[in-house]
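We call the chains A, B, C and D, going by the order they appear; numbering starts again at 1 in every chain.
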Amino acid sequence: MTFFKNLIKSIMSGELKGRYFRSKDFGVLHKDINKAVESVMSKSGEVSSLVYAEHLFNLIEDLGDKQFIDFFNILLEKYDIDPNSLSKASIEYSKNKTQKNLEVITRSSEPQWVELFRRLNTVSEGTLRLVKLRERIRSLEKDNPSLAFFDRALLNLFKHWFNPSFLVLKRVDWSTPASILEKIIAYEAVHEINSWSDLRARLEPEDRRCFAFFHPLIPNEPLIFVEVALTDNMPNTIDEVIKIDRSITIDKDINTAVFYSISSCQDGLSGISFGNFLIKAVAHKLKRKNEGLIICQILLMR
Amino acid sequence: MTFFKNLIKSIMSGELKGRYFRSKDFGVLHKDINKAVESVMSKSGEVSSLVYAEHLFNLIEDLGDKQFIDFFNILLEKYDIDPNSLSKASIEYSKNKTQKNLEVITRSSEPQWVELFRRLNTVSEGTLRLVKLRERIRSLEKDNPSLAFFDRALLNLFKHWFNPSFLVLKRVDWSTPASILEKIIAYEAVHEINSWSDLRARLEPEDRRCFAFFHPLIPNEPLIFVEVALTDNMPNTIDEVIKIDRSITIDKDINTAVFYSISSCQDGLSGISFGNFLIKAVAHKLKRKNEGLIICQILLMR
Amino acid sequence: MTFFKNLIKSIMSGELKGRYFRSKDFGVLHKDINKAVESVMSKSGEVSSLVYAEHLFNLIEDLGDKQFIDFFNILLEKYDIDPNSLSKASIEYSKNKTQKNLEVITRSSEPQWVELFRRLNTVSEGTLRLVKLRERIRSLEKDNPSLAFFDRALLNLFKHWFNPSFLVLKRVDWSTPASILEKIIAYEAVHEINSWSDLRARLEPEDRRCFAFFHPLIPNEPLIFVEVALTDNMPNTIDEVIKIDRSITIDKDINTAVFYSISSCQDGLSGISFGNFLIKAVAHKLKRKNEGLIICQILLMR
Amino acid sequence: MTFFKNLIKSIMSGELKGRYFRSKDFGVLHKDINKAVESVMSKSGEVSSLVYAEHLFNLIEDLGDKQFIDFFNILLEKYDIDPNSLSKASIEYSKNKTQKNLEVITRSSEPQWVELFRRLNTVSEGTLRLVKLRERIRSLEKDNPSLAFFDRALLNLFKHWFNPSFLVLKRVDWSTPASILEKIIAYEAVHEINSWSDLRARLEPEDRRCFAFFHPLIPNEPLIFVEVALTDNMPNTIDEVIKIDRSITIDKDINTAVFYSISSCQDGLSGISFGNFLIKAVAHKLKRKNEGLIICQILLMR
């Protein structure tokens, strides 16, 4: 399998992505964001579309809040579906159930701007940037309800790209890169981690475990992680579990795995439930080594 | 980046996939394939759905051709969209353009059986198995036109999963695993490779290159590959290029890259055009080392 | 080269080492340390010698200081060279310069206990344990001058095993495992690192570098590391360089590389000079990216 | 452990080796081989010595046979030990057993030209080149008995560098790089492998195994390999084992592992016995999966 070890590295190095190609090889890059959208929409399956998409993504990220909202309102209006056509297509399909007729429905029922996001996904670090884009959309959504269209559409796309096939379970421990560990400190939402010593106390002792899901397209960002204490009985309080100075339970005495904290890391992925899969996968992993292990959760998920 | 080197390995080992969980932890696994479909459809976002999906996929793959076609016809009928509801939803949306109303359209315009494929994708080697499933569907489609529904729906899903962000460009050379190389021999569609010596003559000399796209979810299968000859002039005939016994062009004399053969490997991915991206990416890679290189294609793509 | 990526991992997993084989497959493991020595010395090139060596190494490490010194004094006496034989062999060789006669000299001029260390090196983590053994020997040597024999003999062996061919230069940065980083904090001998924030300020900014030599047989331990500041002029004081709160020099302004701290990590490797090689290799690496870079050292080596 | 995965890659890329440094940074590179030797001998522990050593190694490898033999005869004469000094040192040591006196013996008992080989080892791919050098020496030794000095001295050095700690056991199978596999074909000394199909028949079936030892400093070259057939009984003839067309023994019927061929690959390493270790390590590995497995050897070692 070693041949494939660095597939991920290759993915990340952006071999195929927008930044890779020089804009001079292509046409004009419009400063007007709406024209930039048109450039992206008019190209299909061509390499030049990557350059246009990269350019457009930069423009979007640089927008101030007001312009940002305006931009999406224009998208909504200009690239909406045509309900009449869709209604006709439905009636046509009800009369004649051919694949061609279904195809018309499929095409007519999706606003064109959804395709825009698909194309933005192909740029350098596109997936992470879309996750951050949705995070921003969600932060502005309360006062601008029309953003809900984009919040939801991105969620639907993310359900494809973050489906369980792509998730990777990794143990996080004291040999994990510091750049990941500081994110664990930052994202821990339930029982705050106050220092590197505090973190070490949760990761390094033999009777502690931490597991996270990662995704190949955003490998530097944990999606969700769970902290586990292996104990010789059910703890009475959470403080017993997380205090730094405590005695370590040795392997042969361990009979219980306490899942005491689970934290989602990306607000931009809100609505995709990784928690169930994570708990099941970790429980399975722990039980393979210790068949009689009792799994319990004293967790408050955030 | 080394932390992520084995993400792919983890993906492939099927940590989260159906085979991982024992069926005894769950409910009944129906031998009746239509009931098995119901089990998969009735579960959502739960780990148990992986077990049901694995079971169903095995049943589908074991079907004889006639049963296979019957099975899809039943799916089509039973899990079709309801055109009346969709038509109503369209009219509702034309009156009141809310996100909720668009959501109803999105839901109503996709046959339920599409979700079935998404769930089949989560099982062990699910993506490869779906590619092979589509290959089978396509082979039977001529005499069974209703299979076109599934051919097309799978293509739409594959466009998500095989979008350019996920593609990985890898050089294929004499240090590539033999298990990959024998696939290059098998899939070369333009200028047949007759032996390992023949293969070696195309891969090992310093003036020859071969590049392929791989996908993290089916890492043992090249998707498409291109063979390149680096030369000191435009060759007159293809035979000059592929004959085993020839003199090697040394580095400083090279001024031309001849893309003389490009082969798609997976009929199950037919309709997704990797070729343009591959050629652009390889051309870019070669030009980084030799800026003035002339790129030419004397290829017959298959 | 991917095939060989995990050679190191395999080395470390101790495939061939003492712990690998069960003692029950072999003869008696003597509790008497001197008999344990005889067992190791009497076996040559056989797998069983690994088990005896592992056993002996454990016994040596468990000795109290007094017994430890006694043990080495006994070795010295019992397995010394025979000067008379050596003298005779010299005379013989001066008369008749054959390879056989030189071989007699080679054999006679090395105390037999040197071979003992070679065999101890084959056990699990043997090399690291010998480095630590030498560290202990050196700490006791002042009051027990006869230990100088072993200090020196181990150095001679280490010169073989740590020769420059085996050294690996690795950048240490914020994506390095925390377990390595805490050793950087511990070993920094010149300008103390007071906290993880302090460490981060030295590793993460774009105008800072840190490089270390590692050895495949003790991969979790840096041998020596150097800290480098990339600046736009020669700094006036070291405080300018190491203060946490400072402005970052951007890439295009950088013209100077200040090697401001270099620390050896293993007292057990004292006498092998890695410093020159490290500085040359790092200077070379930096200059490859920035040809005109001025290299300066304001360092106090420890 | 992922941090260390590419240690080997780094080793091989020659970061520290002669080719790395430009000769113009250093003094004159003599075309006269004997002066080139003096340059290498006069530098110690300095980076410049790598450049001189690289230069000298190239000169040695380019020598014709006669000059090659002359060169070594000159070395022998010019850098021999001084038996009188050694004899005196022995007597001195017998009177006064200090470490200093032993050190004098150690120094006096080794010809200076041994140090030359140590320095040649530090150049790019130095170890492999020394192994090939010894191979050449051995091929000329019969008619030039004085070469025995060098044959033997290299063997003594190789015993340090190829000691069991450094050996890495790797399975060789159908996913191994073709560049390694063709060496297996070339080196198989007992039962010839006639084609890639023949090779595949020995590597790919589930009831066949092949394992090799590799060394981190010459990772593209297997040192020794063993071929194993897993069977349900003791085969009567070797032909049963190696014929291409045969039925595969399924996992649950396997009770015997037949080691039917073991081949050493490097004549330059002749005299170091890897065979015992390889057999023990492979037997151990196989038994971990199948405790009752009977191990038998019907092999003719070459």
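Odds and ends about this structure:
Definition applied: a contact is a pair of C-beta atoms (placed from the backbone, for glycine too) under 8 Å apart; a residue touches a chain by one contact, two chains touch by 3 or more.
Keep in mind it's a predicted model, so treat the numbers as computed, not measured.
Of all chains, D has its CA centroid at the greatest distance from the CA centroid of subunit A. Least-squares overlay of CA atoms from subunit C onto subunit D yields a rotation of 180° to the nearest 5. Centre-to-centre separation of subunit A and subunit B, using mean CA positions: 22 Å. Separating the CA-averaged centres of subunit B and subunit C is a span of 49 Å.
Here the CA centre of subunit B is 43 Å from the CA centre of subunit D. The set of subunit C residues that touch two or more partner chains comprises 1, 3, 5-6, 175-177. On the subunit D side of its complex with subunit B, the touching residues are 2-3, 5-6, 174-179, 181, 196, 200. Taken together, the subunit C residues at the contact with subunit D in this complex read 1, 3-12, 15-17, 20-21, 45-47, 50, 80-81, 83-84, 86-87, 90-91, 93-94, 97, 99, 102-103, 105-106, 108-111, 118, 121-122, 126-127, 145-146, 148-149, 152, 156-157, 160-161, 163-170, 176-177, 180, 214, 216-217, 219, 273, 276-277, 280-281, 284-285.
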